[in-house]
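All remarks here apply to the structure that follows.
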């Protein structure tokens, strides 16, 4: 209620300020650059500051993509640090090493746009607007790498404001506002929600959904996770999502299965909440249900199909084509001469019919993908997320997600990552050191097979290269 | 409620983490320096991070003043930026001016303690703890100026977190929690509150009290103001504070008098909220009572007695002794040969009895003090605050606060600053440019007298200096 | 939150009490009659009272329909007043007329089951359970008129507890809990809601939905109304319900159209809230949108099709077959020799195609029905509701609701009832006196036609009866 | 917030209604009798009903005591049942015994003022007003016994509305609104609260305070209890109330001592909440602190001094003068020839000095008083309350409350009543059957002494009476 009151008050102040602005002959309300300069200028009372901030936010919201790009380029050009000042401060500091000159250099380094963003935050719903701006900005970065400095400033600010110490965990259930639930429906990137009836089952008494919020954006979840409380260990997600799945008394549940997690604010990319949330939720569940003994996941392998296809086209950088070939060679009999393409074809034609023939090659393929590493670490983002949280891979299930999305992205495979609260710390440290996905004993045989195939392939590659050498 | 839930959850996580910590042979729980290093180190899962943060906060709360000083010195010494890295980065940037090298220099400049503080914020009630730390630190600065760098980092962080866009305005009334009202009683630095009966009158239907809060510290007001809704313009504060003062129907009020404002968080010194609050409150009052036509204050002159005494001892830097002498000379008849001291004596002996004789010299003295400027601007902090908000001095009242505190600090004088919403902006800009306190027409004669006395004094001083020159 | 806390506490107390109950050798937990007697008996501590109440409620919830009937029969038989005591008390009062004997007679009259119901209310969610019990009981009344005394007691109690002074009006919008919105979807008896997308349009910024609640059943709406804010006067409901209808800025709306209202608690039948709600909503809308000048409705004629069919079968008691015949005779040309059945057939076949031919007969028919009165007042419940609120019929629209439900029940007709706040009182009083539906001037010609047809019919009937007399 | 919204809405409706009322020529706004008749009359729309109710409540609040008495007499006279109708209905029922005639008699019995009170409840803050009216009415009953019928109706209504199923238990602590705490301060009839500092200790972490509320009066506590969590069993209340008493970690507490309980709504006299509250609080404490093993009280003996004085004046009906004499005779040596008066004198002069001499006679006196029974049960209201809850007397402490109030009312004595959750039911039943205060073994010797003294006295009295007989 108060929130709403303050919003109204801010609007009233902004309105009053707008009248002031309108009375100033020198102000060009149609030029964002001019407004930004004014907002940063000295000599602004509170009211016109809030009004200026709102005008800029409004102007931004009215822009199309090219105008927004131009806006960021203006910010980059006009509100960066002053190279001359930095040069002078650097030079002085290199000379004196004094505290004063260090502080002066600090000040010189900080671009004016940081203060600009801080002042924009005063606009009604300003924080939300800045998060949205960064989402746009990230989209421009690839084609306009110069904007990285603007992004660095926005990231710095948002990382400070979205410090975990400020975030609030809230349970989402059937009594949550429909406007909030709608956001989950629209945003669940893991499993499609086909309307409220789907959602209802996901919020029943043997399910839990939690989301993280920032206190100034109480209706904008940052990240959510969905958990199923079950007996035994599910090997496929269909049963968990089925609106008609039988209800379990949660007091009798043995296992908590995290089956969906999703980041909802693209503008906060690079500021991690998921790990914090998963661990808070585990604590919360342990408090509510002392009988829960296992915490695990059913997770997609989101880039598997994509990387398989590029490997089949001979592209490197993801799954190694040679390793792929070697792995699939073992299953060439049932799959024929081009086993990779055959596998894709069979899956597309009738996954269930070809279940028996495809299970082993799919598991081998999945394991190779999960273990695979690129220049930035593990190839699979889910594996990277859970390993970094201290979990270990404990299950790999073929034909575990037969939805369109599950087949298209993960070839129907799902992975289980086990969270043993007492081992998270140690696992996390090992992962940071080695970069290798920890794998539990139950999967060690499959891993060994894949690793030995990889070794063979690498030996052969080395031999080939040695042979080619003399020719070179 | 949720807040409490999250607090409990954080504690549970911290407890769980503490068990982990206890199991680590290498961790020295009694060494804050070691714990800080660990908290910043890689390889910490969420749980032990929260637990480490809590341990450090707890250790800090258990320290006495010398230990806290040593703690900050350790932070200054061990977690500052690396001068070698800054040097290298500066040198490289001076050479290339490239974006990469600018970003690298930015990173090099940021001291590691900023990240340390950010991680401490994860502790249960971490924000509160950091605000408290800075309050302590400010106390050490005068004797330990090297800690200024630590303060710069804490200030930078807190200024970012306490951005006005995040603050919430709440009305305080007789239905507010007693724990909150108690804080107002203890902290009202302007007018002593002698218990709840005093407070009750201040929260009656013709009074308003508002406070600013940060969402993660919902029971810690940052700043509050108290307003009386009256008819006519009160010339003394006694009637407003009297528990037996008759109640007014606020719908019939013509004037809102801000008679107290107070900052409650010494740890947030240098981060200004007051201006924001005063203007929000004016808007709020205009919305609630469209009939209100005047917004003014009854404000103390808090350093007047102090500066008068130093001037009488001949010290410069505050009120100029010569100007003081010249002003009081006009009233030497009634006050005798040492009018300054006589004034103080008479005030102390019986203010009311000597009212007639003292009024004019007090007003002249007060005006000289309010107009007085030192190296950092106006001598009077209240005048500086209101002038910077865009208000102008419109009244000066002798014998307006006869409480012990009012006589001891302000010699019983009070000033009224007028807020004309439409003129705040313009006044503020003029004040920023000229540094002079704006004074309304009703006081122009008094100002002229004081200024002409000052001119005379300065002319004489110049003459004297010219005479002394040849001798020099 | 507190609510939840108290629920848990009541459950804990009930659990604790259940242990006590279980320890009592003499208690037959499987016999509701026995439990009820125990609950009414002296000698029960609080805990076992709450536990007994809960056991009875649980037992009831586990019963099927015949068992519930038997339960009420037991209540009727075993917990009624004692006729002997009433007799004695009556006799004594007839003799003495003393205050004591009046009070004694009062006590004798009150059946013990009233106290039984009051004690059942202590069960967790007891009020809800009693409301549910009465819903069941009402279903049994027709076949078991003896239960009327039980119903009189339950009605008496619930009417006291659901006194309007206790009810709370809440706005329902897109931020309301989905569990609540779901109840509206399921229960809107006027216009079918086909899922959340339909509902979303009904909760957009130019719509308003309000519901009444009792404080101990905060998630069980008792009654709701839906309002559309529009310009002009809509003559059909399709445009209001269309999910794709364009949004209006509500500040510019001229007319509020109540297009749905619904009672959600069958167990509270006979306790009227609707009038209270409609008038509170009008006040609320006038406060929020001072520009609103007209308050009207688009209401179904829910029993029209039903009564037309019975009239066609020659049944009296509803629409008079003779009047119907006379009215339709005027339109016999286009509709053929059996105009009533023809009208129904044409409507069923293709309402839009036959629009021109059907409009006049439909309007005449609708007016006759709306004016029609049976032994309990107006035939149409909506007309009775609005007339009793003080509204008057101001519009009758053919082909205004072409949904399946609208055609099947109201033959596509809709009525508009106008609420003029200043005239409600006077209209209400007139209606109470005369029992006639007030009709505005715009419809007076249609009314006159129908009334003159009715007069002709009645004259003819009298003549016929006179003729038959001599033979009789 | 909503509450406030609805209050405003009701006021708006009432205002609007008032305009309607003002426009009615026939309405005499100055005659409550006329307004009441109007409110009950047919033909009132909602708005004018609410307005009428508010006018009556306002008129009532403006009345002085004689006018209020006249108001109730008018209600008694004008809005009672119609004796003629009752007579007719009684007679008919005596004849037929039919269901219809029973229901008709029921309706005839119910006075019209019940409906009047139900309609008054629609006024803004109507429930509160009715509770206040009954408080006034109770004050008139002694001198105006005819008003008992009006009281019976108000009691009937309020008992129904304040059914325990509707009440809410809330914890009161230092974060509760000061307006609420103030009510506790003013109303604690057991131990004087000398301002907020006293209260602060009573709300510290080893104390608990709970209150019962009705949802429509969320800021009006109905009943509260205060509990101290301690180790060991305190024998005096001074230590519990001392603002400087050391804090205990409540997790280590063994015993919960109920040391104050108080009903705050005189208008709800005769509707018992205390038993419900005490037991709910015991459950709540057991949930929060599983380590608590004992639940006991420190209770005053509020009528002891009063009854001692009347006994010394020879009045019977309370403590029997003969028994008193017999008891005190045993201690005549130290107390002299008139031991009763001597005891009072010594207590008044210096309780602590005379502690040794007074302890035994005080204990004997206290026990006799606690066991004493009058026509309505136990003489001591606290003993009656706790025995009826199922507790038993387990301690009697002399010089346990040396406050002015404690000495004046209870002669410094305090009693402890033990609550053993498992025995409450059985104890309660025994008490209902026998009417005797249950006393634990530790006090059995004292009880035996007092009972044997009583027996001796009664034997002597019988003998005396026998002797007087022949003379008679």
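Note that the chains take the letters A, B, C and D in the order they are written out, and that residue 1 is the start of every chain.
The working rule: a contact is a pair of C-beta atoms (placed from the backbone, for glycine too) under 8 Å apart; a residue touches a chain by one contact, two chains touch by 3 or more.
Bear in mind the structure is a predicted one, so any value in this text is a computation, not a measurement.
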Tell me, please, which chain's centre (mean of its C-alpha atoms) is farthest from the centre of subunit D? A
List the centre-to-centre spacing of subunit A and subunit C in whole Å, with centres computed as mean CA coordinates. 52
Roughly how far is subunit A from subunit D, going centre to centre by Cα mean, in whole Å? 62
If you average the CA atoms of subunit A and of subunit B, how far apart do the two points sit, in angstrom? 42
Which word fits the touch map of the chains here: line, ring, star, complete or other? ring
Which chain pairs here would you call touching? A-B, A-C, B-D, C-D
Given the complex, residues on subunit A that touch subunit B span 2-3, 6, 9, 12-13, 16, 20, 42-48, 81, 83, 86-87, 90-91, 93-94, 97, 99, 102-103, 105-106, 109, 118, 121-123, 126-127, 146, 148-149, 152, 157, 160-161, 163-166, 168-170, 215-216, 275-276, 279-280, 283-284, 287, 389-390, 421-422, 424-425, 428-429, 432-433
Touching residues on subunit B, where the partner in the complex is subunit D: 174-182, 195-196, 219
